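In order of appearance the chains are A, B, C and D, and numbering begins at 1 in each one.
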Amino acid sequence: MNVLKNIDSIRKDFPILNTSINGNKLIYLDNAATSQTPNCVINSISDYYKNLNSNIHRGVHSLSQMATEKYEDTRKKFKSHFNAKSSSEIIFTSGTTHSINLVSSGFSKFLNIDDEIIVSQLEHHSNIVPWQMLCEKTGAKMKVIPMNNIGELDLNEFSKMLSAKTKVVFVNHVSNALGTVNDIEEIIRLSHSVGAAVLIDGAQAVPHFNVDVTKLDVDFYVCSAHKFCGPTGVGILYGKEEWLNKLPPYQGGGEMIDEVSFEKTTYSELPNKFEAGTPNIAGVIASGIALDYINNIGLGNIKDYEDHLLNYATEKLLEIEGLKIYGESKDKTSVISFNIKNIHPYDIGSLIDNLGIAVRTGHHCAQPIMDFFNIPGTIRVSFCFYNTTGEIDTLVDALKKASTMLS
Amino acid sequence: MNVLKNIDSIRKDFPILNTSINGNKLIYLDNAATSQTPNCVINSISDYYKNLNSNIHRGVHSLSQMATEKYEDTRKKFKSHFNAKSSSEIIFTSGTTHSINLVSSGFSKFLNIDDEIIVSQLEHHSNIVPWQMLCEKTGAKMKVIPMNNIGELDLNEFSKMLSAKTKVVFVNHVSNALGTVNDIEEIIRLSHSVGAAVLIDGAQAVPHFNVDVTKLDVDFYVCSAHKFCGPTGVGILYGKEEWLNKLPPYQGGGEMIDEVSFEKTTYSELPNKFEAGTPNIAGVIASGIALDYINNIGLGNIKDYEDHLLNYATEKLLEIEGLKIYGESKDKTSVISFNIKNIHPYDIGSLIDNLGIAVRTGHHCAQPIMDFFNIPGTIRVSFCFYNTTGEIDTLVDALKKASTMLS
Amino acid sequence: MKIKDIQDEIVGEFDIFETWMDKYEYLIELGKSVPVIDEINKTDDNIIKGCQSKVWLHAEQDEGVIRFYADSDAIITKGIVSLLIRTFSNQKPEDIINASLDFIDKIGLRQHLSPNRANGLNNMIKKIKFYAIAFSKSN
Amino acid sequence: MKIKDIQDEIVGEFDIFETWMDKYEYLIELGKSVPVIDEINKTDDNIIKGCQSKVWLHAEQDEGVIRFYADSDAIITKGIVSLLIRTFSNQKPEDIINASLDFIDKIGLRQHLSPNRANGLNNMIKKIKFYAIAFSKSN
């Protein structure tokens, strides 16, 4: 059976799962927005402030040495996890959004007015708006990979869009709104065949399965710690060393410089070139603990279990009268988006919140997808490995109740 | 007497002050790099993850509502603290460096090739490099307010530099390298007389005394939470509403948009326009707790006590043979930079670290100041309200010992 | 009736319900039954955007009082909207300006007014006050 | 002597000292007494920058071994530099490439090699290995 053997003990690691909402035990199904935080991560933050809080990289005193070492060890952890070639290829940022802006802003150096960049119809606003800003600045044009009715990208159309004009392609690994797992291997292969760089937004992938940037041969890969049981305020940017060396620095400040005078300033080597100012030291270290935590459960186990939850929930939800699921790709992970009859998602979300069930409703920062389906939004349930089939049963009951009240 | 009455109980609030380094009790005098964190701030982070962790602003479920409320209440706290006119004038960023880059990057819209911007000789790299990048992009010229031998800015020279060409002036409130408190009231007044905007880098001021942005009539004021007993990864940007409305958005992403389509995207109102992506929610809330904590002690009391420490330490340090202090402005706060004979600061720093004393050595991210004095760096001790005269005595003994060993 | 008395009346009505389910059923009833705005006034100008449910608000001045008309695309929002209209419509501008709104809290619907941007209710209340200020100045 | 034996010898020397003060005094002595590099070789090319103390490193190949010459502007760094020279100079490229450096840890000076960028020691060790690789390829 596809059940994590130690699910009970895993749930005990997450103190928030014991809280009550309106007298009901919390059922947290909004994991695609942010995942919950295990005790080891929470404790790592406290421990940091109680034992080694200090500014890093430049202090000669012991606290600074220890904090620096932990911070840099964390970089090595991510390097191994993503199978990067060197730790210099791992840049810590404040989130996926920051990571994408760092890259898109740097690309203004490489783009001319006739160039093209390609996005998919499936993207989160964070992977659209920075590139729109880039187009505005450079005059480059943006093309959009279309999707079909079940939320899969049309790679046939994509291959026709590609040309020598294409400079960069940016697509998410997993859609946060529909759960579609995109065939990024093929997207990367096709893009490279015309010499275009590829940025993959892995915000919704990294929490759910293994990612090997070297095998993928991807140019940039980005994610947020708060989506894989880490703290808020930390993002990771993987970039191929040759690309990171070519990109201009994003922010100016301490840490990212080699020498400063009013006449001439030279920048540091990687990774410091992209880490201006005091980073979120406590958060970065805690993100490494979160990574250890999910690796300890095993991303293989996590994927099996979450697939099981996804299938179970899909089946149960479809029993509800008038329920329509958006996004039915063959390859999906951990997300189900749906509506019930013509009921406004906000109404359903508000009612089941009173029953302690946290789901997300709305456009999920992916308005182009909503426009595609011509709906104002959906109800989205998204799973983490600490969810259970029992919670899904309660959700289904609650949805039936809400639907009756609102019909 | 200028002693905080409850210094013992205050010290108990900071668990790290009980740790030992190499068998000696930690004496932490590197507060200008980062300050230590009281239990209430540490607990606020744990409480957040244990009770309300959730993505904010768009969720209809209770956790998201509660987290949003706490986050927005924190904005109101900073609004009151700085006496801003509206909460929309408070933007949360990931640090002072990020705040400055947000503003400097936006100014590229306003600068032409003949324009001038003015910096001071006293700045931290974070308040130099972003503006150099801006000059490179726009062709604007940078002028530098000179300082005298005791580390005070020459406002006479400054007033001569100002002209209709001057578009923006950026100066720190307190120099992190020398402790000079700059006469920003006068700098703001003079700058406004030619229509230039002023950004004040308050990273080293906010921890030590009260700042009233309305009274100052400043255009932008920035600081970092980790310097006033808050967590890492949080910065605050105050901006006058009219300026923030004029500035273009910095990063693109979720939260900062109103509507997104591939054809046209419209941006949110303030403050969301500048807060793209999931912010450091736990960190921002904890920063508000840190603010409450220092306000509870009272910035008036803090200033009195720290002035007392500064005077005491200055007197004691000058008893050391061959010790030279850099920065002797009449108005100084909480920082003493010095060298002993020709000994390399790194050597002193390493030796006294073995005695448990944490000071900073080097250029303190302010190379232009070191160039001015023609030295590679200094030893810098910087105080917080939890330091004591006893700790200063131990420091002085340790410095004498180190100086003897190295002479 | 004064704004304060109307609010007390609403609180009294909701007090009858023992469970949140009953309360919400009443709210949904309110949302369904009341036609709160003429279609002709559901213009883009009158939209107050929340990121999920929209609110339309239209105001008219009439013999010293302001009449408000509103609607929403989500039924629960619409129920609350109808209560706000009942509270503020037909009141004098200065009474609206000075009113403090507490019934939403008291009947346990506070979460719908959080600084959260999911619905347009918070902005609707702001806009009601703006109208009152504008009309009081134009008098 | 082999790299490993030299390292053991150094560890033995430092074992005699009971306090960190004595150790550092010895290190300072080493730093003061050894003229490790000719002024002529203290070129900009040979600088290894730390953000606080600088290290200069110069290498020459001679009859199958590499000779290293180095210096630093901070005396403690210089003391450690002199120990590194003693360890790696006059060794064959392949021995340098394969050597693992443990004496610094064992004598309790690990903090000077942290990923911290205060001194140039970490980069000095990297550069020593680079020289060894370069020279071994050119043979």
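Rule of thumb we're sticking to: a contact is a pair of C-beta atoms (placed from the backbone, for glycine too) under 8 Å apart; a residue touches a chain by one contact, two chains touch by 3 or more.
Only a predicted model underlies this, so the values are computations on that prediction, with no experimental measurement involved.
Q: By label order, what chains touch subunit B and subunit C together?
A: Chains touching both subunit B and subunit C: A.
Q: Among the chains, which has its CA centre at the largest distance from subunit C's?
A: With centres defined by C-alpha atoms, farthest from subunit C sits D.
Q: With chain centres taken as the means of their Cα atoms, state the distance from subunit A to subunit C in Å.
A: A distance of 38 Å separates the two centres.
Q: When the C-alpha atoms of subunit A and subunit B are each averaged to a single point, how far apart are the two points in Å?
A: 31
Q: Return the distance between the CA-based centres of subunit C and subunit D, expressed in whole Å.
A: Between these chains, centre-to-centre, one finds 76 Å.
Q: Please list all residues of subunit A that touch 2 or more other chains.
A: 22, 58-60, 62, 64, 346, 350, 353, 361-362
Q: Counting only residues that touch at least two other chains, what does the list for subunit D look like?
A: In subunit D, 51-52, 111, 118 touch at least two other chains.
Q: What part of subunit D is in contact with subunit B in the complex they form?
A: Within the complex, subunit D touches subunit B at residues 20-21, 24-25, 28, 51-53, 73-77, 111-112, 118-119.
Q: Which residues of subunit A touch subunit D in the complex?
A: 56-60, 62, 64-65, 68-69, 71-72, 258, 272
Q: Sort out for me which residues of subunit A touch subunit B in the complex.
A: Within the complex, subunit A touches subunit B at residues 15-16, 19, 21-22, 26, 28, 30, 33-34, 36-37, 41-42, 45-46, 49-55, 58-64, 94-98, 100-101, 104, 119, 124-126, 128-133, 142, 144, 224, 226, 231-234, 249-254, 256-257, 259-262, 265, 276-283, 346, 349-350, 353, 357-362, 365, 367-368, 371.
Q: Under the definition above, what is the set of subunit C residues touching subunit B in their complex?
A: Interface residues on subunit C, with respect to subunit B: 49, 51-52, 111, 114-118.
Q: Tell me, which parts of subunit B touch subunit D in their complex?
A: 22, 343-347, 350-351, 353-354, 361-363, 376-377, 405-406
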